[in-house]
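Inspection log for the structure reproduced underneath, given as structure tokens.
Read from first to last, the chains carry the letters A, B, C, D and E; within each, the first residue is number 1.
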């Protein structure tokens, strides 16, 4: 499992090396790329999907908030076309397509660019990191996702039905709801991590196994990756709040502050879990050590008791012609009694030393 | 015990996920929710409890300082009603109800919002963390507590009788006294931790047991949780002191600076105890290690003395037809003397090496 | 020893809890409280001791620098009376009486408040922490000490005789000399710690004992406590230097900068000693470990040599009817030679492996 | 391998000591020094190589962007001549020639000086650090490389053919492309490190060997060296972006921000790999420890089972005249059964203790 | 060696306590104190040595740069006389004479005060720390050294002959050259440390001895002391560069920036070596541990193989009347074969477990 993740990191970095997108390059590989536009204002709502990009750009309505969502980053021609239409800088498009890009906020004259990671937990334990980028303009929002599928269906539904709140607000509020949804999903991930920590602690206190250690290691790695996702996000959101370009309206700013608070809280929790995991490691090490010491004590007690006894019986196993004790009437019994006395005093000594 | 606490953390985070409060949602679950209002000025004092919220809001007197206290956060309808009356922002109400919210200060146009944790030690060892939020306006103070019961009864009494100091001052002074009471209770918690550290040190120096290690672990976790409570509070109080909105009168500011100093001192003490606990860990590890080494030395001494002796007696236990020493007159006694010499020189060697 | 110190910390924190001093409360417990006033200017010098506080306050001379020193903080009535006379804030008096107060500087309109710790080494090894507070006004200096006895006698003498320098300057210079004397005494403490580190290093390299470990622990704790005293002092003095209230005259400021430099130097030295102590810990651990390894190697060598030999002699101790070697003429000597060869090759092997 | 690298560090520092270049000193040692000039504008392109420096300086065209590249720093006379022609400060030339100079940016009136490291991976595992410096003026760019050979051939080609983008821009864009190429090469290095970490983790989980530990050590050292290269670069680039001298045109600034982002990302990745490597170390230690414990348990089990048995058979090997059990009909079989019972109960005990 | 250094630290601190220099005190102890003046301008050069201070002060030429150098700080009378002549503050003189003073820069109205440490390596391994202070005025430079002998002879020569550069510049350039010489000498020290690290690594990988550990400890201590010297110097030089008093001319400032860069580089290298040393420690610990594990495995293998065999031969050494196997024709050979089979299967098991 862990090797797969490191592998992924590498694949990403390979992207990085090849990330120079020649602006005129065009790709015919459009499979698995999903185009979607939601255009809405207080009165109207329009959702189109899987029609050519030119048609979508045509349908953009100056009176509405236009949200264009692209799933899949393989079609550079498509992304460049969107870039040209919305006057996006070449470097911005590069960041959109570079799935290894760390979360950040860039400010342009006509729009704000925000990129971050969306986290899933797909079936098993593996956390899936999906690269997602947003371009926020006055009346449009572009979102570019690395892969098909997202966690925004609830929001799509809200836009459709919630004419009271959602449809009255601008693209900045829409972006807030998307970012908030993503940040909320981080909590779910962290919660799961919390359950694991709890389960591990119980396991380890009772019977620490090498597998528990491996799991602690996996948790630690998880924290390393999560930190890489969450820490830069704090910075990006802070920049967004401080931003005075006017793309975020004053009353929406309060909401972004709230998301920012959540991210701070996430970082706090991440640190807490990291500390807890490190106490888990101590617990594991110590319990293992304790058990080992018990084993060593037993070894010592057994050896210390029996080695002198074996020596004594060895003495009377010697074949000397002249070994007087052998011929005593009760020699054997005296020896047995003597050995009993030795064992007794040793046990007394060990008890005194509190070894068992 | 510890698993329960982690559990609690989870429960909190579950709240977090469900924290979106639809403003119009209304709850009929009002059991265990306690409403209380204390309205006072220099001349009058009024305390009502457990009457409907509408009656309470009606009784609010513009000439008085009105303190409305809500115990229990389950009734979102009630909280929303208070919110509407005092013009509280939707996000503020969310923070009131999110029991996992970290301590912070938010400034609004009409009021200041402060949220923190109240710590109890319920019966046993378990520290109970209760979420508490304050909204401070010009002539009112709202307090929302997670659960029934608090540590403010002394203050309620003071308001009633202390016409000289307390009743002359505004809502800002009342908030100071509440916050100060909470911060003082942190000292009690920390003091108890101090006693534990002291007791542990004595135990460990004498006879370190695996239970002592577990207790050190528990202490460490306590520090992790306390830090999460106290560190953000410093930030929040600093923001409060720097605040220039006019909700805090200049002469009261001095008092808030004092509370801020106490929080700084708490953080200092927390760090001190953390360092002391880590020296405790060293002490534990070292004492265990020392005892283990003693055990190993005994094992070595016994083995090293008796194994060669056993070999010697083994030699003369062989059944060779031709083993001349066996037939010597004093063979047995020579062997005994030889073995005595070996033992003597070994003991001398061990003494020389300072092994015992 | 260490438990007593932790105990003391607790006693302090108990004070903290009870630190609310009701301003009107008066105490008849004046035993062990020493009142002293030194009033001086270029021409006159007056020192009175142990007369009632009212007489002292009466004797305060507007033309002179008046230094009032109080030893013992138990008489809250006395302290409140001084507070009223010099217009000291209620919270300032609280800080004077709270012996657990961390070093800090507070600025008021009419005076500056500085509180810090005075360190003694009483007879034995124990460092004694005494709480001391200063209130500096235009023409007066108040000092409040936790206990009888201080390290200022040399200064009292200087004031009396040094008309050239001391008596020409103001209360700010007097405060500087007092603070400088306290900071200098920190050096003595640290110097002593340095000697201990040196002695420990010698002990440990030669023959590490469990007592050495305990002493390292004690040193570490000392550093933890010293840090708590010195670090906040840096901050307080920095605030004093930056202070522009005019209580410190420009030419005296240079002297405060000098004390500030000394405190920085102290912190540097504290860090150095902390690092040295941690290398001591490494040295201890490693030497112990080295000795243990030596023990284990001896055990292994002895066991590895003699166990096979014992097996061989065991073979020829068997009582089989048909065991041909037993009846060989030189069987016994062949066995002896064979065992000698085994021992020889083992010793060669161990030498080759550099085990001894 | 590692000793060679440290050695290199020393050679560098030896340079440092001898770094005082007397400005008039002239060297005849010009072997292995390669001179190259590329002069281009939108319409023309000129590339000359290995002609005397005077000819090159003559060919500098005020209408073109002139890039002069020097490979090899041994000829101080040559470098001083270039320095005089472009009015470079004596200290700048010193930094050019000091191959141990850490990455930095210096601003002069007529030009900007940027120095950094170029990383190769030559054949084997060894990373090669090459010192490279840039001087950026209004219409020229000087680059000084420690050794022959670089990673800029692709860029040389682009300048020649890319009349659309490259040739339209100024020297600042050229510098950006060079720096970007270098920073991109860091990614390749880090990627390789990533593969190593992955491979190591697999090795260690299965069968940790002392060689794995050595490799972890090598990785750690690699990180120490890489950090020394990358961290100061962040600072230098930040200074470049904040720079307002006008050598960087506003539209190019966006590109430098991008490189800066990549450096931040590199630092993030470096930290991630460092943390991963430290978990590797834990894994190694723990797996080794686990294996050792298994060994110790086996030792204990075997010893604990057989030592008492050996004692018992020793008893009946004694030669006492009067040892009644020896003469019992089934004495031998009773003893065998008794020993079987002891073994059985011991195995039961070990199972109960979960030792195997 | 190390105890001597700590001792020195103490001696320094003892100085600190006695550092109050009464301004009027005069000392007749002038032995070992060397006075030297170099007075130069573009045209003239004068160097006098060992004449009374009054004569030297008289010879100070307003048209020249006057460098007065004092070796030895014991003669407080002399230093006070210089202080009075150049109008130096009492606290400045204290810092000159306090050999434990940490590096710092103080700004006065008429001059700048810089104090730092000069490092020698005297014969053996011991690094010698000499306290040196500079007072830079408009046309004079004072230098006070703790002891006779310095590293400035090369500079004295340069001043005499280098009329082109050196003699044209002011006292600020002279100070730069002195400081630069000192900082360069730090590189030599660090280089030597580097060689030690390299040698140690080789030793430890091959055959780690307790002496290697001691040397790592010594290196660590060296770093602790060097850090104390270099870190505050960075601060002091930064203050010097930012200084706007006009004592440093703009064109000289560039040189000070260069020295500042070198100090930053030194700190970088110090950190690098510290990290390398800590990996050395890991290497040492691990190699020791690895060797110990090998020893333990051998012990286990030998014990595990021979203890059961010894038991078996013990069985047939019993003297039961009725022990049928003893009377079998080939009993002895069956036993030998059986023991061979046990040894074989054990070796197979150990191989399978990869124990050797």
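One rule holds for everything that comes next: contacts are C-beta pairs under 8 Å (C-beta built on N, C-alpha and C of every residue); 3 or more make two chains touch, one makes a residue touch a chain.
What you are looking at is a predicted structure, and each value in this text was computed from that prediction instead of being measured.
Colleague: Please report the minimal path length, in steps, between chain B and chain D on the chain touch graph.
Modeller: 2
Colleague: Tell me the angle, as a multiple of 5 degrees, of the rotation that maps chain A onto chain C over the C-alpha atoms.
Modeller: 145
Colleague: Centroid of chain C to centroid of chain E, CA atoms only: how many Å?
Modeller: Those two chain centres are 26 Å apart.
Colleague: Using mean C-alpha positions as chain centres, tell me how far chain C is from chain D in Å, no decimals.
Modeller: Their C-alpha centroids are separated by 43 Å.
Colleague: Can you tell me which residues of chain B touch two or more of the remaining chains?
Modeller: In chain B, the residues touching two or more other chains are 296, 299, 303, 307, 310, 314, 317-319, 323.
Colleague: Around the ring, starting with chain B and passing to chain C, what order do all the chains come in?
Modeller: B, C, E, D, A
Colleague: Provide the residue numbers of chain C that touch chain B in the complex, in ascending order.
Modeller: On the chain C side, the touching residues are 2-3, 6-7, 9-10, 13-14, 16-17, 89, 91, 94, 100-102, 104, 106, 207, 210, 213-214, 217, 220-221, 224-225, 228, 232, 281, 288, 292, 294-296, 298-299, 302-303, 306-307, 309-310, 313-314, 316-319, 323, 325-332, 335.
Colleague: List the residues on chain C that touch chain E in their complex, please.
Modeller: So the residues of chain C in touch with chain E come to 184, 187-188, 190-191, 194-195, 197-198, 201-202, 205, 254-255, 257-258, 261, 264-265, 268-269, 272, 275-276, 279, 282-283, 286-287, 289-290, 293, 296-297, 299-300, 303-304, 307-308, 310-311, 314-315, 317-324, 353-355.
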